[in-house]
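These notes open a run of structures that come right after.
What follows is a pair of complexes built around chain A, which joins chain B in one and chain C in the other.
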Partner chain A sequence: MEILSLFNVALLVATLRMTAPILLVALGGSFTTKAGIFNIGLEGQMLVGAFFAVLGSIWSGSALVGVACGVAAALVFALAFAVLVVSFRANEVVVGLALNILAGGMTISLMKAIFGTRGSIVGKGIVGLPKVQIPGARDILGSWAPLINGFTPMVYVAFIAVPLLVLFYKRTRLGLYIRVVGEKPEAAEALGISITRVRYIASLLCGLLAGLAGAHLSLGYITMFTENMSSGRGFMAVAILIFSNGNPLKVLAGCLLFGFADAFSLRLQTFGFPSYLILAVPYLVALTALFALSYRSRPKIIRETLESMRKLLSVDNKPAEFGK
Partner chain B sequence: MNDKLRAFSGQLVAVLIALAMGAVIIMLIDESPIKVFMTLMRGAFGDQAKIAGTLLQTTPILICGIAACIGLRGGMFNVGIEGQLFLGGFAAAWVGFAMPLPPGLHVVVAMAVAVIAGAAWVSIPAFFRTRYGTNEVVSTILSNYVAVLLTSYLTIFLFKRPGGWSETPPILASAYLPELFAFSRLNWGLIIGLVLALFVAWFFRSTAKGYSISMVGSAPKFAEYGGIDVKRQGFLVLLASGAVGGLAGGIETLGVHHRFMEGFAPGFGFDGLIAALLANGSPIGTIVTALFFGALRNGSLLLETDTNASREIITVIQALIILSVSAQVLMKRRGDSTAGERRWKF
Partner chain C sequence: MSTTSPAMTAPEAGPAETAVELIGITKRFGAFVANEDVNLIVKRGEIHAIIGENGAGKTTLMNILFGLLQPDQGTIRLNGQDMVVGDPATAISAGLGMVHQHFKLVPSLSVADNVFLGMEIRRNGLIDHTAQIEKTRELSERFGLKVDPEERVSLLSVGIEQRIEILKVLARGARTIILDEPTAVLTPQESRELFQTLRGFVAGGMTVIFISHHLEEVIEVSDTVTVLRHGKHVATGPTSELTKADMVRMMVGRDVSFDRRPREKSDGKVVLDVKNLWARDDRRLPALRDASFTVRSGEVVGIAGVAGNGQTELAEVLAGLRPASHGSAMLKGRDLTVLSTSEIREAGLAHVPGDRLVRGVDGNASISSNLLMGRQDKAPWSRKGILDWRAAATQTVEMIKRFDIRARGPEDTVKRLSGGNIQKVVLAREFTNEADFLLIDQPTRGVDIGAQESIHDEIMRQRAAGRAVLVISVQLDELLTLADRILVMFNGRIMGEVEGGSADSERIGMMMAGLEPKNVSDEVAS
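For the complex of A and B:
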């Protein structure tokens, strides 16, 4: 009985842990999705985030500086994406794919140039993120404590970001602007919102979270960098974004599904199922979910946004402008 | 013609800009760009064998590029060519080692099965794309990962060569794609690729079907009002694109490796897509760009031994080329803000 419950808790804990990186990157992508940009470049941003986090951690000996370096690198990629897609109006799929390829080639080239190795960076003084110990958690929750205790900080950041993003989209002006720009760019233009500016901000916010996700990959539970270590998580995040429309709660639901698939398939591996097939499970889950939920459309959301736009503007005492 | 010349010079400028950026990156990693360039040239065209090696690398890039061209012209982004290549490669190898057939017929059957495997692999994303509008970019990318893992599983768990390491048994000699020269593994695949490029170019230029596909790609609404069954055609376009991707894999296993092995053709699918993008969706142009990328790839083998740069530096250069191609439009026609949007719409 005791063993059974421990098994369940362990599985739940693993699920939460596996959910965190994909949740972070998907929440990042929710900014661009809401702003009407199809951002296939998440994968690359995450990868450079992971690489430079390791680099920063080795150079400075501090995990925090490492995270900052990872975020900075992801921001550079996000900025390049925004410049090409928003200012130059280049095709977002082409630019995103090219940046992903660039990220893959660049990290491997730099790895060879700096460390003289291929494949992976292990050891070399990488400082990983500490595990957060919540005081008293063990006393109150007993064997359930690992559910909230002992994760790396990014896990908490990821899950706390969900309600924050809900509020951000509902309650803040910037969040509203992002939604309007994504759903009705003409309306945004008519209201004097700078589409370019909002899309830049959305892209950079996306880069920020993608960088955190990358840092979590390489400094979280395993402190190492391997070639293409993001292994398609960015693309899974895009799949989640497509069927969730960037809605934070739906994103969370989708990511938990993936976290569970990941954790569960690791379990299966220990039971001797062929690892190659097990490794394919998350991708198959992503594909199945994408196909199964793909017929949904989104006219509803536009109405909601216009509703809240009206409210915000009437608070500003500018009812006349909105044709009231 | 003037238009074409301008397009060509535009691509050339973009390539030069990308090469300049690549040079800066090479300097950043403490290596001389000139040395890297000379090494690349020597590795790609140094002697007879090197040139043959370049053409050998060009072949799969060219065929994958044609696969991408077909999709792009029809308004479909087939990013899953890599996966179709793996499936096609495995399927051809399977026919090659498991199904004894008379010489001649054996090759043809193996390639046909590769083609079918490629088309079958893309058929599910294609179905959902055309029926429900499921984004084909994401679904085909994700199916790449599945394809690679699935073929690895089949190779290692079900069809492993006894005593071998993650490879299938060798295919029978009757399934070999004949080689062109004695000194290289260069084979008929290159000829097939060239003929296919010419055929696809002719198809798009001179047939009614080709015209209607291009129309769907460039102006889907217009095409629909014109009475074209856009959905059905999009499905067939993706299927054709996947079929050619499968063919690329079949040619790799039947012509070069004579077996399927794990990771037998890394990145050819993506190189092909980039080559097609650089050629603006033109199959003839893809011959040139595929040759360019094939030379880079073959030259890069020497980079590892002769310089501090890794061979992935060419991946960086390729990505930079595509980025600068996508950015160049605005530099040329600053006044036209939709120029960039219309680019890549073929």
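For the complex of A and C:
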């Protein structure tokens, strides 16, 4: 009974809520993945997005301006990434990691410089994003209404972005070019499609969504900024991107899995499981999923090893006479 | 005044006689001169072949014409007008189209999407896939290039991929089509179909520029030939006035023989005995099906076939790089399919892999390091488990001399060498192993004609020394030159066997296309 009561509407709602930020940033990463860039800098872009969204919100008193500031900051990071990786052909992993470290350090020192504190920014007039109330939802769906009603705007943005991206890749010229540049750059080059331009655009689109994801973290359900508050979501997004290959529907599936694990661990906490174990749940899910997937896609080596071992054990392998 | 003006305007009147004129083109890459004062004049409505060895500057010249490279000097005149071709877009708008040697298709897209890539048909800002499919179908019917516009490119054969590349060029309104080594990937029949298509193009007033190594084809299909050597223009003339030997002499600068190599008859013992061998490819699909054959000592057996019909898998199984799923391959009585790679080499295999830069050499290492590989524990290369570099250098110098490797010395980095010389490094290592069985995959892929000859000589020397040699090649000519017997592979199966001396390429070509040898002999007879 107690186990069953774990699963209810609230858990599903929490799943959607927890899925949103990682879905947004992973969809952003879909652009770079499809364009053939391994973008490990998602984490950093998300983090500066979260920080500057809080700053903008405090300075202007408007959540919307806050979001705009967050996005702008993430775009600056995305641009820096693109300049180094696309124009100067620097190593993607090195640049991505460097920008992630920069984002972590920069937000901490700016926090110290501006607010004189370490750890977190709370209160100080941060204006969060309002919750969206869909008129009539409660009347029609009754107790299921929270499934579509009362989320902050970014949750809707994230889920609506999925079909839009599917359409984008299938039916728009830019979407097609991003795919071509990623899959067969020499084809793009031969047809006069500028690889550089397409990769810049993909990086910036990625920055846009990563910024929105960051703003959602700090202005969505909680209105505060804490050190390193993206807490690995950007890296999880990278993991999802690796096995989904940037396909929006697969990205959605992967993000829902992580969102569910997140929500589930929160729910478990209320049942008194040790918190340090519970906090590890999403990461365990990530590891298991990645292992399962990489095992499926790369069993050849394992199978071949087994096969040759079996052969060696079973087949008589004595050298016979030459030229029988 | 009045007398000069008509003369000055005369060239402007009417359509120009020449489709392409390249005059005095020079292109340098650092100290290397790829093209030096090259002239190329292509008349409208002809098939113009450009021939030359690797590195003769054919592709560079075409890239300049197509705007992919900028010349350091020289003039480009298209349809009688001076042009600066700054990028491919300019070339395309001037009616040029290029079918590259390596296809530039996107595997996950449909045929129609590939044809219209870069010039998508759109409605309300969205790509109109239906219209693109229709247009592709129209084009394919009009020019007799059969394709299914809705099929994904990843599912198609190389021959069809080439048709798509040609359709791409036609969809952009090309009147002059450049083909860079178009037949390298085709069966003889597919090549013939291609030539028919090209003949159709010129009959319709279009112009074709055709780059090739393959002199038979050049003689068969082209109207005019231009020969390049070491980046310089050697000659241009009507194809009908040149023989194959003339062309080779102009390309190489000396006489080269590609006749069938004379040989003593031999009937050595069976060295390799392959029985009912099966193997799967990387997608786990059967790629080698029930292959059975033998190779005797003092015999060269050739494996013919279009690339991708199981030859690679066969070579990999024999070299221990891929597990066999069924069957056996006995080398002097030991079953290779259960031995590890090093045990196989110990058992008497020397392997010249098809992709020499991947499996043949370490490009970043020196020649002596590459020659050392595999015998690092044998004298004189090492003593008491310690490498003797001085001895290695001495050995290397000897091998460089013996195999005529053109390098600055034993410490020269391998990847700086030309394709032919890298291949000679691989041969030098493998042929000096005293192995009884030589597995040679694509002995002269990407190798100059001059070097081809010396590689063939070396293979014949190994045959004379009593080695059993298996040569896999997509170049049928090469097998006709070398092999005592030729096995033809199609779709993973050995379709049939022909004697090297009496082999006619028509019959082999049929088998390469998957026709049963029995039917083939019927058709040949009728």
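Definition applied: the second predicted complex is superposed on the first by the 287 of 324 C-alpha atoms of A that agree within 3 Å, B and C clash if a C-alpha of one lies under 4 Å from a C-alpha of the other, contacts with A are read in each partner's own complex, and residues count from 1 in each chain.
What we mean here is this: a contact is a pair of C-beta atoms (placed from the backbone, for glycine too) under 8 Å apart; a residue touches a chain by one contact, two chains touch by 3 or more.
The structure displayed is predicted, hence computed values, not measured ones.
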Quiz item: Is A:N8 contacted by the first partner chain B, the second partner chain C, both or neither?
Solution: neither
Quiz item: What is the contact status of A:T172 with respect to chain B (first) and chain C (second): first, second, both, or neither?
Solution: second
Exercise. Report for A:Q133: first if it touches chain B alone, second if chain C alone, otherwise both or neither.
Key: neither
Practice problem: Please indicate which partner A:V180 is in contact with in the superposed arrangement: first for chain B, second for chain C, both, or neither. | Solution: second
Quiz item: Which of the two partners, first being chain B and second being chain C, lies in contact with A:T117: first, second, both, or neither?
Solution: neither
Self-check item: Partner chain in contact with A:S62 - chain B first, chain C second, else both or neither
Solution: neither
Exercise. Determine, for the superposed model, which of the two partners chain B and chain C contacts more residues of chain A.
Key: B
Quiz item: Is A:S194 in contact with chain B, with chain C, with both, or with neither (first, second, both, neither)?
Solution: neither
Quiz item: Overlap of the chain B and chain C footprints on chain A, residue-wise?
Solution: none
Quiz item: Any idea which chain B residues touch chain A in the complex?
Solution: 25, 29-31, 77, 79, 124, 128, 132-135, 137-139, 141-143, 145-146, 149-150, 152-153, 156-157, 270, 273-274, 277, 308-310, 312-316, 318-320, 322-323, 326-327, 329-330, 337-341, 343-345
Quiz item: Which part of chain C faces chain A closely enough to touch in the complex?
Solution: 87-89, 92, 98, 100, 102, 104-109, 113, 117-118, 120, 122, 125-127, 129, 269-271, 282, 323, 330, 332-335, 337-340, 347
Quiz item: Which residues of chain A touch chain B in the complex?
Solution: 38, 40, 80, 83-84, 87-91, 93-95, 97-99, 101-102, 104-106, 108-114, 118, 231-232, 235-236, 238-239, 242, 274, 276-277, 279-280, 283-284, 286-287, 290-291, 294-295
Quiz prompt | Of chain A, residues touching chain C in the complex | solution = 167, 170-173, 176, 179-180, 183-184, 186-187, 189-193, 300, 304, 307-308, 311-312, 315, 317, 319-324
